[in-house]
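Below, chain A partners chain B and then partners chain C, in two separate complexes.
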Partner chain A sequence: MPPKILRYLEGFFIYFILLVGAWIMIFPFLWMVSTSFKNQYEAFSFPPSLIPQKPILENYVQALTIVPFGRWFLNSFIVASVTTFLVVVISSLAGYIFARKEFRWKEPLFYMFLMTLMIPGMVTIIPNFILIRALGLMDTYLGLIFPYTSWNLAMSIYILRGFFSAIPRSIEDSARIDGCSELGIFLKIMLPLAKPGIATIAIFSFLYGWDEFTWALTATSSSNMRTLAVGLALFHGKYLTLWTLLSAGMVIATIPPVIVFILFQKYFIPNLMAGAVKG
Partner chain B sequence: MVEIKLVNLTKRFGNVVAVDHLNLTVKHGELLVLLGPSGCGKTTTLRLIAGLESPDEGEIYFDNTLVNDMSPKDRNVAMVFQDYALYPHMTAYDNIAFPLRNRGYSESNIRRKVLEVAEMLNIKELLNRKPRQLSGGQKQRVALARAIVREPNVFLLDEPLSNLDAKLKTQMRVELRKLQKRLGVTTVYVTHDQAEAMSIGDRIAVMKNGKLLQVGTPEEVYENPKNMFVASFIGSPSMNFIKCIVKLRNGFYVLDCGDFKINISYERGREVDVLEGEEVILGIRPEDITILPERSSNAISASIELIEPLRPDMLIHLRIGNIKIVARSLSTLLWKPDDHVSISFNLRKLHIFRKNGEKIM
Partner chain C sequence: MAKLVARSVSPIILFLLPALSFYFVFELFPIFYSLYISFFEWHIIGDVRFVGLENYLKMFSDPVFIIALRNTFIYTIVTVPIQIILGLAIALLLNQGIKGKVIFRALYYIPVITSWTVVSLIWKWIYDPVYGFLNYVLLSLGVIKEPIRWLQDPSIALYAVMLVTIWKGIGWNMVIFLAGLQTIPQSLYDAALIDGANRWRRFRYITLPLLRPVIATVTVLLTIGALNAFVQIYILTAGGPLHSTEVINTYLYKNAFSYLNFGYASSMALFLLTITLTISIIQRRILSKRIEY
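Up next is the complex of A and B:
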């Protein structure tokens, strides 16, 4: 076969596979958006239609009014934001120390953090429940924020240690000679250079705090303290699931993570370090 | 401007002695080059002077003030790193302003000073660019500007030119030299490039395995190396080394190199007399070997193996029996490989070393 046709075929296959993959990812999402604008009958009609015949907003109105949607949304937002803040502060400091400073038991300590990643989450539900209850934090924001933060720390420290390690030491030495304090080096030099890593862990921990279901269900009991993930599940009844309302709620619930992602994605420039050193 | 004095300076990393009882003085306003192969401890010495490492033994004085326990900030040293170490998230202006901001200068004062050094180094148009938008040579200038701007006591330059291409390198080393003379700041310059060291240094300190082998002006270390290592490290191509035996013949000392013999003058012969019958090493630089225009019976005869026409010089690889040497010649192509020629050594430029590498004469 002539090389031109071969190259053409190669391009065709690459795009074909990517398109199939993209469709598999996007389809449930489109289906959810579509369902949120349908009435109960159309949602179950056969053959199903992707574009609603008579789009209605009724589902959104109902989803927002028959349950304390606003309150759940706020709860989720507070929990996810504070978790993100704590994870970023703690893991950037810890990641820097693990990357740059020498101290006794450094490596064993680091691997202890990593080992926590290997414990399945379900196993820790009961010990966590006992711990949080003993601390008197059941059904409070902190009862969600503390565990979420701790579950996100290991991975975040691991990611940031990698980012900090990749920053040339000479930049740090240079700042030291230029009269920068140790804290100044961290805040003015290292932190800005680790932005892509911080954006990554911020997105991960925000999504975690926003989406987490099992622990939120365990640790909250009053309707006022529910998060959106738990609250939305109420539409999913034992005998009847209100798919249209559930879809409408989920569409709204998807908005904040999308915003967070858009805000941080500009830092995903892979070559932020380009031009730092060498010619 | 200060005088730097290192006394018995020692630094170990685990079992490795990076700097071994180093004694060295860098005079007021002098440019001293620390020269040596990689891993010889020259960069560690620089970092010790900067305060980025603390010594295990010994003292560092700036004008008779002990600075061992002073932070880099308080020593008021400026350093240019091999990789420039610019802050990638800041513009060239902010990079240069950084040391001043850390010292609490007012913004108007900073602006004036930054523009002043930018002018001096010809980088005024680049001040708004980030490091990634600068070429190697431009980054180098920004790094220099950052070092100069706060008027330090000492400049420390860690292989500042090694990432530049050959042409820019020769250009920058002249500029660096002029700049240093103009500012008159005591400077320690680290390099592994002997040509760079020769061209830029007021004095050169040659190091190996953490030890100082010789300090002196470029002429001194070139003309009168203290040992074989210095002799071979300085000069390109390297000095030729030939094993021979000291013999007494008719009252004169003779170096018997097997395939040829060299007479030593009476005065110089007295320096080797204790070594009669011993093996020594004869050193001769390529430019001190002359290829004679005609064959001569009392000269050394050699055959040409290879000619490297570097222009204007030529390097001529010669073989005398089993001995291979390199000669440097300015002349145009008179010879071809495999020619048999007569050569002579400049007897006043002979170097004789003991078997352990130490210089005898």
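Up next is the complex of A and C:
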């Protein structure tokens, strides 16, 4: 066979595999969206169809009115947003210090933070349950926000330290000569220059707060305080066959992460492994 | 003098204080508290009784824990390599300079950004023995004669759960390997081409060795993730049927929050911690040895 045809065949083969793979990746989502527009009768008809014959919006209306999906959405949003805010403030302060200041025990302190990246989440769930209960924070937003914030600090400080270290010393020095205060240097010079890093950690903490399941399941008990991730799973446990309504809820739960991903795609990939690839 | 010290020290302490407080209260203290609890028979209400190492000894005579340990092992040893191989394969295909790379990358990444809750629930619907799409497709293609009870059959359930994990993880691996492939200089491949190295040899002697640090990192991260899998199993099967998908974490969680046996659950958590730390240290040693050309 002439090499040109061979190359053409090869290209065709690569596309074929990639397309099949992509179909496997997105089909479950199409199936979920499709189910969310079906009525209960059609969802259980045989053979199943990917395109609903008579698409209805009823499931979305019910999801936002009858079932407390709306409230859970709000809870997830509040918890994820406040967590993000706290993580950004706290870890940019700490990341800045670890990148730019010299002091005793700096390295051990930094590695102490990093160590927690290797500690399984389950280890801290039980003692935190006892702790949060003793603090009277069970079934409250703060009972979720405080632990979420702490569990995101190590990674965030690590990422931000990298960004702050990359800023040239001379910029800081000239500001200092101009009489800029310590806080001024941090707020007016360092923070703006580390924006991509801050965007990265903001995205990760928001998605974390939005998706987290285990702790939210443990630390909330009333239906009104559930987050979307937990609420949906418990709803399924209660009404096993209501796939149409549940699918509508799942679509609603998936929209914010997808929007975040589309808007901030460039932050997802390169920074995540920047440190790890080197090491 | 005192003023000078205060000026140089205070920003450091002030800036670090919030991070340190959160870290100590919700991270460091809990770990040691866990260790403390694990030596007690500790229910959330009622008496607390010191039992020494009893909780740790109990684990290894508890038949369900042994099953959970075995399942955790299978789960890890299957899902980690498959995710790496498939993720690397797709990254290599996408790296051939094909059109639509960005779109493919985004499509493969969608499962990664979707929460475990949603992913698990979608698959539960697809796995439904009567109305699920998977059985429908396999039946109509004639691959199977009878509907498979994916999550209800004890001999299949664990594999069905692993499939979901692999499906969700491929995109993440792909993205990391794509980033890793970008760091390999094109000149190496050009030189190899001149030497007449075929595609396999180029992969074997250039790509693979140079990706080694990335593979090492990914292996460690995936292994830690697999040992600590919880949400997908909790939602898909809750460890059932007949403990066939029980892993350490699901059993631990049941012991803590269903049986309120906090002491016993804590000893399992610390056992898991020990295994996690040991494996990540060993893997780092083995996988990140110096690259030799």
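The working rule: the second predicted complex is superposed on the first by the 220 of 279 C-alpha atoms of A that agree within 3 Å, B and C clash if a C-alpha of one lies under 4 Å from a C-alpha of the other, contacts with A are read in each partner's own complex, and residues count from 1 in each chain.
To be clear about the criterion, a contact is a pair of C-beta atoms (placed from the backbone, for glycine too) under 8 Å apart; a residue touches a chain by one contact, two chains touch by 3 or more.
Since the model is a prediction, treat every value here as computed from it, not as a measurement.
Student: Under the stated touch criterion, which partner chain does A:Ile177 make contact with: chain B (first), chain C (second), both, or neither?
Tutor: Only chain B; A:Ile177 stays clear of chain C.
Student: So, does A:Ile17 touch the first partner chain B, the second partner chain C, both, or neither?
Tutor: In the superposition, A:Ile17 contacts chain C only.
Student: In the superposed arrangement, does A:Pro168 touch chain B (first), chain C (second), both or neither?
Tutor: After superposition on chain A, A:Pro168 lies in contact with chain B alone.
Student: Looking at A:Pro192, would you say it contacts chain B, chain C, both, or neither? Reply first, second, both or neither.
Tutor: After superposing on A, A:Pro192 lies in contact with chain B but is clear of chain C.
Student: Of chain B and chain C, which one touches more of chain A's residues?
Tutor: Higher number of touched chain A residues: C.
Student: For chain A, what residues appear in both contact lists, the one with chain B and the one with chain C?
Tutor: Residues 272-273, 276-279, which sit in both footprints.
Student: Mind listing the chain A positions that touch chain C in their complex?
Tutor: Those residues of chain A that touch chain C are 11, 14-15, 17-18, 21-22, 24-26, 28-29, 31-32, 35, 43-44, 46-48, 89-91, 93-94, 96-97, 101, 103, 109, 112-113, 116, 118-131, 133, 146-147, 149-151, 153, 157, 182-183, 186, 207, 210-211, 213-214, 218, 228-230, 232-233, 236, 243, 246-247, 250, 253-254, 257-258, 260-261, 265, 268-270, 272-273, 276-279.
Student: Spell out the residues on chain B that touch chain A in their complex, using ranges where they run on.
Tutor: Of all residues in chain B, those touching chain A are 47, 50-52, 71-73, 77-79, 81-89, 98-99, 102-103, 130-137, 139-140, 146, 163-164.
Student: Using the touch rule from the top, collect the residues of chain A that touch chain B in their complex.
Tutor: Those residues of chain A that touch chain B are 168, 170-171, 173-180, 184, 189, 192-193, 271-279.
Student: In their shared complex, at which residues does chain C touch chain A?
Tutor: Residues 9, 11-12, 15-16, 18-20, 22-23, 25-31, 33-34, 37, 44, 90, 93-94, 96, 98, 104, 106-111, 113-126, 131, 133, 136, 140, 167, 170-171, 175-176, 178-180, 183, 213-214, 217, 224, 227-228, 230-231, 234-235, 249, 252-253, 256-257, 262, 265-266, 269-270, 272-273, 276-277, 280.
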